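First the structure, in the form of structure tokens, and then the observations on it.
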Amino acid sequence: MGDDAVTAQAIIQSLASGLLMGLLYGLIAVGLALIFGLMDVVNFAHGEFLMIAMYVSFFLFTFFAIDPLLSAPLVAAALFVFGAVIYLLVVRFAMRAKANAGMVQIFSTFGLAIVMRGLAQFFFTPDYRSIPQSWLGGKTISIGGIFLPEPQLIGALVSIAAFAGLYFFIHRTDFGRALEATREDPGAVALVGIDKNRVFALGWGLGAALVGLAGAIMAVFFYIYPDVGASFALIAYVTVALGGFGSVFGAFAGGIIVGLVEAVTALVLPPSLKSVGIYAVYLLVVFIRPRGLFGSM
Amino acid sequence: MTALLETRGVWQRFGGLVANSDVSISVGRGEIVGLIGPNGAGKSTLFNLIAGVLPPTQGSILFDGDDVTHMPAAERCQRGIGRTFQVVKSFETMTVIDNVIVGALVRNTVMREARRKAHEVLEFTGLAARADVLASDLVPAEKRRLEVARALATEPKLLLLDEVLTGLTPTEAQTGVALVRKVRDAGVTVLMVEHVMEIVMPLVDRAIVLDLGKVLVEGKPNDVVRDPKVIKAYLGDRHAVGA
Amino acid sequence: MDKTFAARRRRDLIIAAVLAALAALAPLFVKDVYVQNILILTLMYAALSQSWNILSGYCGQISLGHALYFGIGAYTTELLFTKFGVLPWFGMLGGGVIAALIAMGLGYPFFRLRGHYFVIATIVIAEIGLLLFQNWEWAGAAMGITVPIRGDSWLKFQFMRTKLPYFYFALALCCLAWFVTWWLEDSKWGFWWRAVKDNPEAAESLGVVVFNSKMGAAAVSAFLVAIGGAFYAQFLAYIDPESVMGFQFSLLMALPAVLGGIGTLWGPVLGAAILIPMTELTRSYIGGSGRGVDLIVYGALIVAISLALPQGLVSLFSRTKAKNQIKGATR
């Protein structure tokens, strides 16, 4: 009896942490989904966007003592500019490739990822860094015997707020509608005088800003180093593909599924195998629905 | 003698939409048959059912005496059904000759023979001069011709042509018409889908008019064009008027 | 017309033979072990990339999970050798066969996937393989396997005193992969693959069984890559999951083909000849600082080539040739 109670408690505990982490995964991945939906491009440097956001947050803390929670909007803004610039400098040209278009997009963004990692090593060294003391770092709250780490809890709330904001933005603002129209028919959009390149640049900015928000929160409780993006990039791709490429809501749902599956796998299998659960679920889902859960068939 | 192709009570539903309802047609050996009708009549659906893109919801399709209802497209091609696509699907990164070789490999396992067959077909279809050009560099009319050449290289008994004459200039259309005749004279049965009647009527031996997923009328082209039901069906379709 | 085609095929074969002969003479002039090492790796990656190119270049199914087959080749060889005393040559063949069977087994579900869903599935399956090997105690888990030293012999394919036998094996493997590609290029399979890559629906309508085409390409590709993995394991005399199944191998197989010209006969060799020495040299001369300059140079080059030459470096050659000879456009 007592053991059962403990087990049940442990299961609820890990599901709760899994859910929080899942919401954060959703926030990490949604920028990828947004960009893909807009222009059919998978950004293979997405993990590096996250890495840069974490460093920006770290330096704002180290040099200006701004708490990551406060600096999150600044990080998002910085990443917005960064994303738009990357589009204008590189991706714009990758879109023009007449031959092997898919290949060019994969490898140009991939090369970009390597450059960004190299630059991070060059300027910040390969050392692991962390933000030693922040408002949320290391704190937990207990709700009915379930312990929830505060950074993840706030992260989850930020994620929900960001998705709500994104929903509002896409459906209620002029730019959101332009974004939606461009993804449906870029050719027709040009006819009504919307500059496709501007919309794409802003789309990249927005996608990067969202992963920037995620990075700011991750910086509170995760080590910061040049390769940190790689560990989250594959999870982000799986999250987006699970939800269905291009579906913003799919990224939200995909994130939650990935977080929960990861938590459950960690209960059953040794911790070193916790990602196997995520990968297996991805394969299972696409074998049944080759375009993900919410992707258009 | 039995018909080369026969559909028996074919139905195709997409969700609540009925694209073909109880369609029974037959195509005799050596005929040129036109499958016509206004937009949304179900021509393309029927065409795809015969080509094997998807199986019908109900009914059966017989080819050369065999039931091919559930046979995949590749196997139908091996049996002798060749087809073209309304929206051309050339192998863009391959040369014209290589495009045709893919088709020729169905009946020729030795590369040298397949290559010779492909050259022969290019000669036949008037593309010989363009053999070594990339398919992506062809002009639209040539791409249509390549579609026909590729299908002919599979040495079909039945050639399915999907709007090969639509959208061509009058001169191009005339060469197209001549090619279809030449194909039939070489012993290949032709079933062609066309939207615009004027183009096909002089060419076909028999016309089948589809409307709202059903066979409306079938018969000699001259009788079909005068049929009040056909005129009414086409008048209801604004796009075809004046075309 | 057929004559120019046959002449071009013959010319490719002659160029390959001359290049192979020149490469075989290289050890006469190159005595430096470090440089020999680079040559061996270059030949190996050329062979791997050539094999990768069969599935991903010719048949158009972009795999970023070929590290799985590489690792399977390496592990099959070393597990058979250390646990059962089976000679590496049999392990090599066995690894190739197992990899081909796994590739075909995976093909059933995988080949229904399109585009990015397929690419991600290949990455994911290789990650699963990596994680499983890292946790498989019998196979040495994350610690890996050290190949016992039994003295230099061709029988055990093991050489400590000289690297030359490895060099010649790598050269032979590279020639084999090239020749298989050359031979398949003008065969029913080669045509089927290119047709499937360009337009599967049209291919199907011309009697091409699309699924079988992909399966064939996957099997050949996986088999050859696993042979490469077996070679690499013998060459290092030590394997662990990360060093034979890590994602970087999937990448290093794809990159030479992409940079040299994907889906072309000469692309992988050309790409490897430039990329691998560059990787090794930047790593040892600028990478030693640990400051990532090698990564910056390397990444920038990938971006630059993929943007400037979407059809790879071979397109530089064919463009000039196209002026003299209409036929050159495809190569």
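Letters A, B and C mark the chains in the order given here, with residues in each chain numbered from 1 onward.
By our rule, contacts are C-beta pairs under 8 Å (C-beta built on N, C-alpha and C of every residue); 3 or more make two chains touch, one makes a residue touch a chain.
Note that the structure is a prediction, hence the values are computed from the model and not measured.
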Computing the C-alpha centre of each chain, which chain sits at the greatest distance from chain B? A
Name the two chains that are joined by the greatest number of C-beta pairs in contact. A-C
Per the C-alpha means, the centres of chain A and chain C lie apart by a whole-Å value of 32
Could you grab the centroid distance between chain B and chain C? Build each centroid from C-alpha atoms only and quote it in angstrom. 43
Report, in whole Å, the distance between the mean C-alpha point of chain A and the mean C-alpha point of chain B. 49
Residues of chain C that touch at least two other chains are none
Considering chain B alone, which of its residues make contact with at least two other chains? 93
List, in ascending order, every residue of chain A touching at least 2 other chains. 99
Interfacial residue positions of chain C with respect to chain B in the complex: 1-2, 5, 186-188, 191-192, 194-195, 197-199, 201-210, 263, 326-327, 329-330
Please output the residues of chain B touching chain C within their complex, sorted ascending. 51, 53, 72-75, 77-78, 82-83, 85, 89-95, 97-98, 101-103, 105-106, 109, 111, 114-116, 119, 131-134, 150-151, 153-154
For the chain A and chain C complex, residues of the former touching the latter: 36, 42, 90, 93-94, 97-104, 106-108, 110-122, 125-126, 226, 234, 237-238, 241, 245, 270, 272-273, 275-276, 279-280, 282-283, 286-287, 290-292
Contacts from chain C onto chain A in the complex sit at residues 62, 109, 112-117, 119-121, 123-125, 127-128, 131-132, 134-135, 251, 255, 258, 262, 290-304, 306-307, 310-311
